[in-house]
Amino acid sequence: MVKVLKEEQDRTGIRLLWGTANLFTHPRFAQGAATGCNADVFAYAAAQVKKAMEVTHELGGAGYTFWGGREGYSTLLNTDMKRELDHLAAFLHMAVDYKKKIGFKGQFYIEPKPKEPTKHQYDSDAAACLNFLREYGLIDHFKLNLETNHATLAGHTMQHELEVAAVAGRLGSIDANTGDTLLGWDTDQFPTDIYLAAQVMLTILKAGGFTTGGLNFDAKVRRESFEPEDLFYAHIGAMDAMARGLKIVAAIRQDGRLADFVKHRYASWDSGIGRTIEGGKAGFKELEAYLLKKGEAQTSSSGRQEFLENLINEFI
Amino acid sequence: MVKVLKEEQDRTGIRLLWGTANLFTHPRFAQGAATGCNADVFAYAAAQVKKAMEVTHELGGAGYTFWGGREGYSTLLNTDMKRELDHLAAFLHMAVDYKKKIGFKGQFYIEPKPKEPTKHQYDSDAAACLNFLREYGLIDHFKLNLETNHATLAGHTMQHELEVAAVAGRLGSIDANTGDTLLGWDTDQFPTDIYLAAQVMLTILKAGGFTTGGLNFDAKVRRESFEPEDLFYAHIGAMDAMARGLKIVAAIRQDGRLADFVKHRYASWDSGIGRTIEGGKAGFKELEAYLLKKGEAQTSSSGRQEFLENLINEFI
Amino acid sequence: MVKVLKEEQDRTGIRLLWGTANLFTHPRFAQGAATGCNADVFAYAAAQVKKAMEVTHELGGAGYTFWGGREGYSTLLNTDMKRELDHLAAFLHMAVDYKKKIGFKGQFYIEPKPKEPTKHQYDSDAAACLNFLREYGLIDHFKLNLETNHATLAGHTMQHELEVAAVAGRLGSIDANTGDTLLGWDTDQFPTDIYLAAQVMLTILKAGGFTTGGLNFDAKVRRESFEPEDLFYAHIGAMDAMARGLKIVAAIRQDGRLADFVKHRYASWDSGIGRTIEGGKAGFKELEAYLLKKGEAQTSSSGRQEFLENLINEFI
Amino acid sequence: MVKVLKEEQDRTGIRLLWGTANLFTHPRFAQGAATGCNADVFAYAAAQVKKAMEVTHELGGAGYTFWGGREGYSTLLNTDMKRELDHLAAFLHMAVDYKKKIGFKGQFYIEPKPKEPTKHQYDSDAAACLNFLREYGLIDHFKLNLETNHATLAGHTMQHELEVAAVAGRLGSIDANTGDTLLGWDTDQFPTDIYLAAQVMLTILKAGGFTTGGLNFDAKVRRESFEPEDLFYAHIGAMDAMARGLKIVAAIRQDGRLADFVKHRYASWDSGIGRTIEGGKAGFKELEAYLLKKGEAQTSSSGRQEFLENLINEFI
């Protein structure tokens, strides 16, 4: 199959964003792969990821994505969370080692997802992934591949997840499917909401754009949209929405009012006591003395949420 | 006031579990305290926490709790998340320094809470707190004070949050209020659910019991329960529920079947390939060789969730 | 097949609680059955339900259940809700007519469910079903078959749904599967929560017990519980839980304090102005005169939620 | 006060959309007003609503709105739901009677809301209100006043609630506040989402526009938006959003493709077997005969959700 794929790549010029392996459909993975209760299943998953990494490497993939699948639990009653997390870390360290061994230079991604099919997945959201990666010394080897539907199932906006990843320097790639915040499962819909597209682009451009990764669609048309042309409507509409988001944000950045507002909002940190604090030159004692002398904190300016929402609407 | 409190402590023998400061009610904290946009407000909060720590120390407090309050955001449009998190870390480092300075030996706690009053609080759940503490070199100085209602608002069970804290060695104390999983706000109800009490005690006893902290109630009776005796019904009922949880778990541990089941479930890791993996003596290549020789992973045994739920019911 | 089923019924003495038809799995029903956009599909569903009713009748079924399946919508953009509801009513009237025609005396049930697989199902909860049945003159022909997991997906407790059905005289039968309030899809778990069982039995016994219907399990063991004995653990545990609920409620009713408390709480309605109001002998004018003379309403007594929760715990 | 308000109305030309009374803030209403356990409180609420109706009438109000307030329960353990609903119906019948008595011609509205401050409010969503109004013979006297934030707290989209009201002929007025679908409480934000505005206008225009009522704002600026100009940004932005929604929908209706698509989707009902069914001239037997002859239902056409979402985006 790899040969055929390579020929098609050559013919079309289409490149591979990232490779991955399915460690969740087969019954052997019912209780997890790297975090399963069964060492043989761990070994099976290792062999499978080894192969998938080799294929990804051969196809010139720009990255490799690990996702939760069934890495979590259905009930804590039967679960040794510490041992499962240790195993997951061992698995990912093996992947890092093997990557070096075969000379694969692509970026590793973890895709956070809180639940479904399991009750709880260890990679539940960006912060949980980062915590795990830091604890096990893996933080330098992985970035996050973020998806709107997984963000909202975890109770966060997509932009929140993007910001959390970006401020940690771990914003990697974007899985463009969206969901329905009134539904509690992964609907994997094509994104058409211009606000969502603009929010995504706001953070990506602020973070300097994609340095790795890109936008991938593994969205599905609705069950009622069963005709071939629906695939075109879906992909075109979603790409158009993302493109509009990009153009909107380019215009917002050109306009400058949004960034200026945020910069100005934190102005008290650029001089005086704020600068002293940021410079690490004050402790509780100095701040108490400062405040007792002043009597009361200077009033903050308004957060202006309504104004800022209107500003966004100007560009939509 | 401190003098009066000390006299009452002497008179009654009641000790102080932990102290804290209110950095969220006053309008000056509308946009946060340590994570606010205003350096003066940070200084005010610092002065207030300094005082609260001194008072806690003087009253012989066994700990000091920081909680989210308004440390988060209402809209990402006006928020510089990185700068706010840096400020929060600076604030907590100042607290650590001041603790040493005054010789306060009590445990520091952070109490995770995902939202309310803000849209999103940085200490959103156990994993988010641990990630933050690791990133900023604070992990050794803080443990978590966990509350059921905050856990469920973050989409987790209380036992999940306890396990996450415990496996990280950061299980500190318990705020006993519970909530209503069908309501989206912090109802701060008295806990009366025996299952919840048993789940809490399962993890606490497995983790070796409270080495710091304890159970605190800052629950409120319902608005309709406005008579003085309601306070008695509420506290007595909640303490009884926790006591029943403790006795149930003691019996379950005495019985041994639950722990045995979990131990046995992971038996494949105690010898053979599992032991090799845990010992760090295998990589992807060795595991592939192992599996190719074997052909298919050994079948896992059933997760037995229904059996385990029945087992718990035996003790209720 | 009917012949075989009858023989098995004769052999075992097991009777049929209710029959039903699957109008949601086959692709022809992707856009609904009775509420689909396609009249042919309506006709197909009619033929299928006709057959299922005949078979149910032949097997001595005590009822017939209609459930949402895909009777709803994925997007309002393509949906004529009025026309779809009119069609659903026409379908159910045909079922009522056909029931008479074949002399089937069993009870008709509707099983409320808010969503999944569709975004929104017309039979979303007990109140939505009752509203529909009243609007279309069907209320006397249908009762509700209620399921915990569907109740919680609609944002209600199971006891709420039971009470809504009971006060409307439409409490019919119970689908015993439960769910997980932190998960947003239909997990169809076996019920093992004693509180849930007690709440269910509280309302059923208060409503006079089952006059039609009963408890049915269409719950599924978890994917990790794949061994034959798991089916036994699951069914036995769930039946035991329901039996314990029944015994608990029998004891609570014997004890009498709970019912007495509720009766006493509304005592002001049994005499004086309350009785006058309930008797329909007062209007706004009379009540204003009454109140102006009195000056302020008599204070209500406490709602005693904490006391009542403790009382339930006494019996658990 | 009424005199002053009238003078201001004369001076400004501003008219009164609807009046209402606050039956939830004062402690006397802690356990409900019309549905409270205390007959005196019912009488107090009656006197208060009587006065509010008189004032509304005097000020030329175009309507009067009843809302849930605390008409619900905190726990079913202490609640006699049937008796409470009977009282609510009695209360509303008194209001209908008094309206006639004083010659008030304005429209009565009920505003659905599922919860907060109570655990469950009887007017939980549009369907629950309609069911109640039908059961107690009040349906002809009330329309619904719908709010986005209440819709989403009940698990519905605003457009769903509007459609449910519209198809029942009970779409009355709109409370324009919106919420945050990732937050579980009533945030009462100003609406700025153009999609929401367009969805609202789609249903309103399809239903023939406002025949009673209108758009009211009882939204609140965020706590961080404490400066006077924030009120202007908020109101202007929200009115602009609604105006854009109206213009978008006017253009969509002018374009015609959306309505044509929906009409065509149900075309099978306009002739042949569909027409026969809608005409009430077929039962299960005839439909079975029709289908057996045909063999399989004619394939439906695609639901085209992605195409329709793109179409909306064309106009945004």
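Letters A, B, C and D mark the chains as written, and numbering starts fresh at 1 in each.
Here, contacts are C-beta pairs under 8 Å (C-beta built on N, C-alpha and C of every residue); 3 or more make two chains touch, one makes a residue touch a chain.
Computed from a predicted model, the values in this text were never measured in an experiment.
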Far-end chain from chain A, centres as C-alpha averages: C
Of B-C and A-B, pair with higher C-beta contact tally: A-B
Where chain A and chain B are represented by their mean Cα positions, the distance between them in whole Å: 25
Computed distance of Cα centres, chain C from chain A, in Å: 41
CA centroid of chain B to CA centroid of chain C, Å: 38
Sites on chain C at which at least two other chains make contact: 30-31, 74-75, 115, 155-157, 182, 222, 224, 226, 301, 303-305, 309, 312
Touching residues on chain B, where the partner in the complex is chain A: 28, 30-31, 36-44, 46-47, 49-51, 53, 74-83, 85-87, 90, 94-95, 97-98, 101, 114, 120, 124-125, 127-128, 130-132, 134-135, 154-157, 159-160, 163-164, 167-168, 199, 258, 261-262, 265-266, 268-269, 272-274, 277-278, 280, 282-285, 287-288, 290-292, 294, 296-301, 303-305, 308-309, 312
Parts of chain D lying in touch with chain A, wherever the complex brings them together: 152, 155-157, 181-182, 190, 192-195, 221-222, 224-227, 229-230, 233-234, 236-237, 240-241, 244, 301-307, 309-310, 312-313, 316
Chain D partner contacts - residues on chain B that touch it in the complex: 27, 30-31, 74-75, 115-117, 119, 153, 180, 182-185, 222-224, 226
